[in-house]
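Each of the next two complexes has chain A plus one other chain: chain B in the first, chain C in the second.
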Partner chain A sequence: MNLKMSVKRSDGVKIYSVPYEPKMRILDALLFIQEKLEPDLAFRWNCGEGVCGSCAGEVDGRPVLMCKKEITKDMRDIRVEPMKVFPVIKDLVTDPGKVYEKLARLKPYFTGKKQSNFPTVYEKEAAKSQEMRKCIDCFICYDSCHVIRNHPQMGFTGPLNIVKAAAQDSHPLNTFSRTKLLEKEGVKFCNVSRCCTENCPQDIKITEHAIIPLKEKIISDTGIIGLIKKIGKKNEQI
Partner chain B sequence: MSKFNRFIFTVFIFAAALVMITITANFVVAHEETSEGGILNVVAEIFERIHWVFFVLVIITCYYFRYISERKIFGNPFACGLPGRKGYKGDKLIYQFHRYFVWISFAFIAVYLVSSAITLPALFSLVQLNILQKTTKFLEFFVGITFLLYLSGCYHIKYLFERLVEKEPGPCRGCWRNTLCDKQSVLNELHGYFFWISVFGVVALHILFIFGGHAG
Partner chain C sequence: MAAIEAADLGAEVVVIGKTLLGKAHTVMAEGGINAALGNVDSPDNWTVHFADTMKEGQMINNWQMVETITKEAPKIIKKLESYGALFDRTPEGKVMQRAFGGQSFRRTCHIADRTGLEIMQALSAEVRRRNIKNIEECIITKIVRIKNKVVGALGISLRSGEIISIDCKAIILATGGLARVYSRSTNAWETVGDGYALALDAGAELQDMEMVQFHPTGMVYPESAEGLLVTESVRGEGGILLNAKNERFMSCYDPARMELSTRDVVARAIFKEIVEGRGTRHNGVWLDISHKPKDFIEKKLPKMIGKFKDFADIDITKEKMEVAPSAHYAMGGLCVHSETCQSSVEGLFAAGEVAAGVHGANRLGGNSLLDILVFGRISGRNAALYATHKESGEILPRVLKQEEQRLCRPFERQGVRAIDIKKRLQSLMWTNAGIVRNETQLNFALKEIKNIKKDAERIEVRGSRVYNHDWIQYIDVMAMIPVCEMIVSSALMRKESRGAHYRSDYLEKKDLWLKNIVVRKDGENLKLLLRPVPEVPERLKVFLK
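Take a look at the complex of A and B:
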């Protein structure tokens, strides 16, 4: 029994026939194509077991890690594409450089005042920070965000960068407030449709544990008084 | 599909608003006929007139409701990987007001539950109330409690409790701040369940109002 694999390559969509084996993954099918059919097919992969986050792509229009996506019996016509939101370098290899440019603006490192004593950290506080640090930089959340996909002009920083900011914010040694930076980078554009959370291969609750608390933090720091001031400023401009 | 869903949603909202306004207006008229005046009656009247507005506003601005409505009704997007709604301008304003509606609703629900807890036993002992009216009154109280639990599981409350723990550094295992935060986290996990119980409770309540009348 053979699978029909449509792979979007730099020079157009090409269709390959791959023999099906039980418990086969998308990555196995791509490796078969590279070994037996098209040696110049380019795609990234490294660990092959969902740890490094290199092999992210789109299968039937949905962002996945290709090493974790198993081919089931009902999948006979499979469409493999590179991640839509990034410029393609070659075939399935993309350039996610712009994410790091946006991330740099959020200062994801220790800055500001230094704490004199290392605070006592308990399991609960550590777990909160640890969840965000499970991120493997696969960019699936970024690719599945419809604001990034359909409204790039908004300049939304993306779920990945919000996770990084939340990880840094929840560190016990952090003293720097990223509220204004996050507001500037467009956290308000997220409409909590939870695609990033649903697709995250590390099961990080991005919407619930990163985006919503940061949204709440922004309102707390700006508040209704901040809003009134903004409205006042707009009226002045008019 | 998208336009049809939007049409159904709009019709549902208008119908729900119409039913609620009619019932509230009828109840206020009945209340005015029987009351003798006084500041407490005026407050009660105001409460009866506007309480549902804040409950509706809480639900509309709720993160959980917005997730459901954006995905299932407005198709923003219908499923992950599909394109979102055209002309989406961002969630700039609506989420900022949720917390204020939550606190106002908390005040309303607290007043209602306290007054109901006092009057409910006496109301149940009245012979002239039929079984439908007693059921309505009981369901109203039940919806009040589920709505209180729904409000308590709000992400804004979760954020406040987490801030409470973070603000007090140092050994805190088992202290009241952590306990409070843990309990609220459980409610937050059940936020969606309490949302649906409250919504179905309100619908059932209004059906009972229509058929059985208000118990007073």
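Take a look at the complex of A and C:
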């Protein structure tokens, strides 16, 4: 039995016929095409086991890691495309560089106190940061995000960078808050549709554990509640 | 780590990688990193770690390098924590440590089974903090030197297809290993041995190239998952090995240490069970952790659960895993100065898997992540110091042109596909220079490599130069050929069995062979010589008893 694979290449959609093997992945099908049919078909991959996050693309319109996406029985006519939100370098290879340009504004590194000895950190305190640190930079959340896809001009930093910021902000030894920096990066445009969470191959609860707490923090720091807090503080000082 | 250290000393650094920053093979490291912190087993200290490492290396390691990594290990864990890495914790809030094969105490610090990813994240963040320049998706194809001194490097940018030329005073090779020269490997796609080939071509000396570690447990089924790593932590956390007859066969090979014997012993045991007909349907054995509570496995081995669920539809909390050995790590590599990491070529440094010395004939699980950090730092520091008081050289246009011509020749000819040659070479190495070797097979391999070398001169590449995988395969093959030649020639020379190197025609380990086999280029051929292992001083010998 053969699969029909429609691959969006730089010079248009090409259709290939690929013999089906049980438990086959999208990556296997692409490797077959490259080996037997079209030597210069370009796609990015490295580990082949879902940890390096290199091979994200869109299969039947949905962002996935191609090394993990199994070709199931109902998939015989498969559409493979590059991630839509990035400029294409060639075929399925895109340039995700702009995410990191945005990330650079968020101090994406440890901002805690210097420790002279091994710090005492309990497992419970580490849990949230550890969840965020599972991120493999595959850009699937970014490619899944409606705000990024439909309204790029809004300048939203995107879910990936919020995860990176949360990884630092929730570090048990952290002393610097990125809330204000993030507020400037269009977090308000996120309408918590949970697409990022649903597509995350690392099962990070991006919406629930990173975005919503951030939105709450922004409101409590800067909205009417923040104002009340500020006044309260001033009164304390008097 | 090398880049961070060099940048902190004021050097102008460029990080060049075949992949995107932070996506190299290290992210696939699962089990952990060794440091004798004694957080779980308090009697542990660096001297025990030293002894374990030397013994596992079958005493052909460089003792000075082993002393350095075992002493520096706790400092490096602290350094990682200062970069924000978050290790799993003990109930007292200290760094948690787990058991690993061949170690006297529970010593391996970890973050579930994604330790490599955590380290990579911490290091990438530090590279970003320092705004260190990085060139992604670029393959270095030549180290240029004038006389015996490095002046720069040439390579191709995958994205533009252009040749790139970098003038520099020092180069640190941190390319990782070569396990992808074997058809079944735990390694990432990029790990074809470029670093070794570059060094050989530049005239550097390499050693212990016959010492290739086969990880006992790689996945065997389905085909798309073949070779993928099943972390040693599965056994560290209590997993047992069974053959098709449901016998816990390690009791025949190492009844004292059982599944937590050293990697060479476990790999050969599994190999033997399969060869002798006690293997599973897909030519593997069973690895079973399902006797442990579900929530324990979920906490300790989440990635393994995912891998088996995603690839094989197997729930490891209830079912057994099918595993077999898979090429994993090269103990050999560049001969480097034990204090500076400089090779025999001036200005060429090496650290991590591509350098030799630390692991000898076999590597302890958890020592490779330690190696890359400790020697990454040392090489970075010394390369920076070296560069501050050296004149810079320059790559001559003629050299650049020559390299461009060499790289682009396949676009002008018709012949064979690089991928076919690559597969031929990989399966040749697996069959003839793998877990068990003998003279006949090794001689055959050497002859075949020479044939492959000739055939490679007819490799053709079609299409544009931009992100052309066929072209990358060609560059890979040209690096793999000399690497395989070094492995096979060295394996032929070592007429004994030691550590990972197992000769069915020379089963014994002999003191006569307490030597390192050194290899370098001699015209078009390889020159091999024997060098006595540096003798362990008395003050350290006491720990080895």
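Criterion: the second predicted complex is superposed on the first by the 213 of 238 C-alpha atoms of A that agree within 3 Å, B and C clash if a C-alpha of one lies under 4 Å from a C-alpha of the other, contacts with A are read in each partner's own complex, and residues count from 1 in each chain.
One rule holds for everything that comes next: contacts are C-beta pairs under 8 Å (C-beta built on N, C-alpha and C of every residue); 3 or more make two chains touch, one makes a residue touch a chain.
Owing to the predicted nature of the structure, the values given are computational and were not obtained by experimental measurement.
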Discussion item. In the overlaid three-chain picture, which partner chain does A:191 touch, first (chain B) or second (chain C), both, or neither?
Written reply: first
Discussion item. With both complexes overlaid on chain A, does A:154 touch chain B (first), chain C (second), both or neither?
Written reply: first
Discussion item. One more residue to check, A:180. First (chain B), second (chain C), both or neither?
Written reply: neither
Discussion item. Let me test your reading of the model: by the given contact rule, A:108 touches which partner, first (chain B), second (chain C), both or neither?
Written reply: second
Discussion item. Which partner chains sit in contact with A:4 here, chain B, chain C, both or neither? Use first/second/both/neither.
Written reply: neither
Discussion item. Contacts for A:118 in the overlay, against chain B (first) and chain C (second): which applies, first, second, both or neither?
Written reply: second
Worksheet item: First (chain B), second (chain C), both or neither: which does A:28 touch?
Response: second
Worksheet item: Who contacts more of chain A, chain B or chain C?
Response: C
Worksheet item: For chain A, what residues appear in both contact lists, the one with chain B and the one with chain C?
Response: 119-120, 122
Fill in: Complex interface listing, chain A residues touching chain B
58, 61-63, 119-120, 122, 124-125, 144, 146-147, 149-151, 154, 186, 188-195, 198-199, 207-208, 212-213, 215-217, 219-220, 224, 227
Fill in: Contacting residues of chain B [partner chain A, same complex]
63, 66-67, 70-71, 76-77, 80-84, 86, 88, 90-92, 95-96, 99-100, 155-156, 158-159, 162-163, 165-166, 169-173, 178
Fill in: chain A-facing residues of chain C, complex
19-20, 22-25, 27-28, 37, 77-78, 81-84, 86, 88-89, 91-95, 111, 114, 116-118, 121-122, 125-126, 128-129, 159, 188-190, 222-225, 228-229, 303, 306-307, 310-313, 417, 419, 461-464, 466-470
Worksheet item: Can you name the residues of chain A that touch chain C in the complex?
Response: 21-25, 27-28, 34-35, 39-42, 44-54, 68, 70, 89-91, 93, 95-96, 100, 103-104, 108-110, 112, 114-115, 117-123, 126, 129-130, 133-137, 167-168, 171-173
